[in-house]
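Two complexes follow with chain A in common, the first pairing it with chain B and the second with chain C.
Moving on to the complex of A and B:
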């Protein structure tokens, strides 16, 4: 007996997608039995431009334009790589301020993902609520760095702006508000019956599969795989400001949402510790010289591990910049999760991965 | 009646032609409660055949240009194109990269340019309001009665009104003479 399957395309332009990506689902009745993905729509050629068009001190601002959501992680990873090549050290205060922006970025990115997952599951009111509360975080970011999305806050040698005492107070105020809201969301995500129908047990990834397909970020942590670069690295003071790895077991959309909510709470706690215990000192140190040699830097972006490989040859132009982005590594795991799911759940599952295609295609 | 409601509640089609997501999340922020573009009746729709305003972000990559033009041609007249973000207007930081086509106005006509990297929600709202004016102007131009000046030509048995009508500007010029 021959199997009768229907091919349904999702994308390249779709209401549930922020970015162009095409998935071709092979469906048997409602069940998805095969997935084919095409992610290269937004390839721009940033890696090559970094070595031919821009000098090494400008590349930090160019790589931030790879992705608007994790812009700060990209520029930070590149900047740290460049500082390694130049043999420079930044002050403790600059490291703290960098971590502050990194964690604020994580909070707003996770909130965007949660709201988007709700919207794609059909819960429009929750989407509006979370997006509204996200503005509190955006406001802090605008006050600190001067822009809402593309900060250009980190430069080689430190950071571009300092925070004042009033600003510190405002940050704590807004974070307290956000924390209260997050507690409410947590209650909603745990106890809302209609959300549980859409999220619990849907789009599950087992621990073995997470390991086999090299899942990273919240996707892996929701499946119980202990992987978080923040736990392993020493350039930023994560141990001092109270980082705790957030884990879940079940690996479904619900678990991913819970990991994100827990991480938001942990990040708020860390931001509070940073603002309260900000060390004294300069925010920027002058650095001279040209990058020489090669280095690898890893950072935890909101979506998982981000890796930069930078090679310099002693001149202003770099030899090679290689960027490995989190979503790119997770695509095999994405395709695995889709198999055996209902087609109607596909947009919600896709949103729960928090895919970032402009990162992936660069 | 249609004209009234088209002005009152324009529907938006949003396409990302290779941007960094920055402008896209700002467009989402426009719809969210703080800026709340939806109170003006603006709805983000995914269907090109039902939309009036085309919001494009990104410098147009090699692979997205066909989709861009296709979406544009699928939209019904009158339509307004808004280029959101510096890279959409000119290519911005991505200008001269090997896979980038330097701005959307090489492919489709643009009515409103919104600068900024990333364009702030206030600017995007300004751009959409400006687009509404253009939309109204285009609607009026379309609905202006055309004077017949030649024999009706038939193409495959159907009378083509456009063919035998004068252009809007020409008719006006003749009246004033």
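Moving on to the complex of A and C:
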């Protein structure tokens, strides 16, 4: 007897994800048996613009416009690549300040994902609560960099602004408040039916499939795959400030939520260590020259591994800027996870991936 | 970054021999337009739990050849293979145009300056 299936689309505009991605699910009754994805609705040609419209010293600000949530990670990865090609190194203080803003970015990005997970579970009050608390982090980011979203904080040679003792105190105060809130969320995510029992065993990725599909970020760590670029690079002082890789094993939505909650707590601890142990020195080093040669730089963005390949020819215009974003390389793993799941769970599974289509279709 | 040059004929076999999914993480496929009407195609890998260890297999080919697919060895490569087809207009075994561009688009945005 032939199998009867129907195709049900999710997106390109869907209430569970306000970004343009379309999944076409082939369903047998309620079960998903086939997945097709379309991620190319908003391609903007940033890679080409970086080599034809802007000089190398402006590209760091251009790539920050790829994504509103992880703008700082794009700036960092490009800037470190440019510094590699220029043979330059930044001061310890600049490296610490870069790391501070990167970890603050991770905290508010994870809070956004957790709030969307609550919204998909029908837990509107928790969604509003987390979004409100997230403002504590956004406030610090604005005080440090001058902007809430597009920071333009990292530049070739260091960072654009220093922090004062008074600002350091404000950062520690807000982080203490956020830490208290995160402990409360963790209790809810562990014990509340909507957020825990409903999501246990749903949308799971096995460790074997995590390896097979080269899973990255919280998706991989929730499945037990020990990978985090912060543990695999040396240009930022993660070993000195208390980085600990956060792992789970079950690979389901619940495990992804727990990885993010644990990472927020670890990021708060690292930010605190940075503020309390900030080295003395300049925040920027003057660097001369034009980029020559090729380099690859990786960084652990909130959604996973971000990679920049940059090739310079000794002039002000670059030969190539290749940007590999976390969501882009995770699409095959996403599709695999959907197989065998109930269609009704698809929006919650999708939200738990924390996809960023702005990055994907850069 | 360690670069290893290969050839169109041998690249698939070499990646199959090199790639151990428990040790190596496949980052992406990359294209770099060269000045001599050729394309440098790169397969980029990093080693798990090892700081700054990146290996790049690469070949230099004209635009009218078909690049072999590695999607049966590394399933996640399928999406960057489709991106390469769109951006450079080069054929990749089993990959069709239409990830970012329209399926019948004549554009090849990163192949020289042909917009």
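Everything that follows uses one rule, which is that the second predicted complex is superposed on the first by the 361 of 362 C-alpha atoms of A that agree within 3 Å, B and C clash if a C-alpha of one lies under 4 Å from a C-alpha of the other, contacts with A are read in each partner's own complex, and residues count from 1 in each chain.
By our rule, contacts are C-beta pairs under 8 Å (C-beta built on N, C-alpha and C of every residue); 3 or more make two chains touch, one makes a residue touch a chain.
Keep in mind the model is a prediction, meaning the values are calculated, not measured.
A.B. asks: Chain A superposed: clash or fit between chain B and chain C?
C.D. replies: Overlaying the two structures gives chain B and chain C room side by side.
A.B. asks: What is the contact status of A:67 with respect to chain B (first) and chain C (second): first, second, both, or neither?
C.D. replies: It touches chain B, and chain C stays clear.
A.B. asks: Let me test your reading of the model: by the given contact rule, A:147 touches which partner, first (chain B), second (chain C), both or neither?
C.D. replies: Touch partner of A:147: chain B, not chain C.
A.B. asks: Looking at A:40 after the superposition, I want to know if it touches chain B, chain C, both of them or none. Which is it: first, second, both, neither?
C.D. replies: It touches chain B and chain C both.
A.B. asks: Check whether A:162 is in contact with chain B, with chain C, with both or with neither, and answer first, second, both or neither.
C.D. replies: Neither: A:162 stays clear of chain B and chain C.
A.B. asks: Using the superposition on chain A described above, determine whether A:19 touches chain B (first), chain C (second), both, or neither.
C.D. replies: In the superposition, A:19 touches chain B alone.
A.B. asks: Examine A:48 and indicate which partner it touches, taking first as chain B and second as chain C; both and neither are also allowed.
C.D. replies: Touch status of A:48: both partners.
A.B. asks: Taking the superposition on A as described, I'd like to know which of chain B and chain C A:134 touches: first, second, both or neither.
C.D. replies: A:134: touches chain B, not chain C.
A.B. asks: Answer with first, second, both or neither: which of chain B and chain C does A:213 touch in the superposed model?
C.D. replies: second
A.B. asks: Quick one: angle from chain B through chain A to chain C, Cα centres, nearest 10°?
C.D. replies: Rounded to the nearest ten degrees, it is 100.
A.B. asks: Between chain B and chain C, once the two complexes are placed on the common chain, what is the minimum CA to CA distance in Å?
C.D. replies: For chain B and chain C in the superposition, the minimum C-alpha gap reads 7 Å.
A.B. asks: Show me the chain A residues, by the header's touch rule, that chain B contacts in one structure and chain C contacts in the other.
C.D. replies: Of chain A, residues 40, 43, 45, 48 contact chain B in one complex and chain C in the other.
A.B. asks: Which bits of chain A are touching chain B when the two form their complex?
C.D. replies: Per the stated touch rule, the residues are 12-16, 18-20, 40-46, 48-49, 53, 61-62, 65-69, 71, 112, 128-129, 131-132, 134-135, 138, 147-150, 356, 358.
A.B. asks: State the interface residues of chain A toward chain C in the complex, per the touch definition above.
C.D. replies: 39-40, 43, 45, 47-48, 52, 211-214, 216, 226-227, 231-234, 294-296, 298, 305, 307, 309, 311, 319-320, 322, 324, 328-329, 331-333, 336, 361
A.B. asks: Would you pull the chain C residues touching chain A in the complex into a rising list?
C.D. replies: These residues of chain C touch chain A: 1, 21-22, 25-28, 30-33, 42, 44, 46-54, 56, 74-76, 78-80, 83, 87, 98-101, 109-110, 113, 115.
A.B. asks: Can you check the complex and tell me which residues of chain B touch chain A?
C.D. replies: Answer in residue numbers: 15-26, 28-29, 31-34, 44-48, 58-59, 61-64, 67, 71, 87, 93-94, 96-100, 117-118, 120-121.
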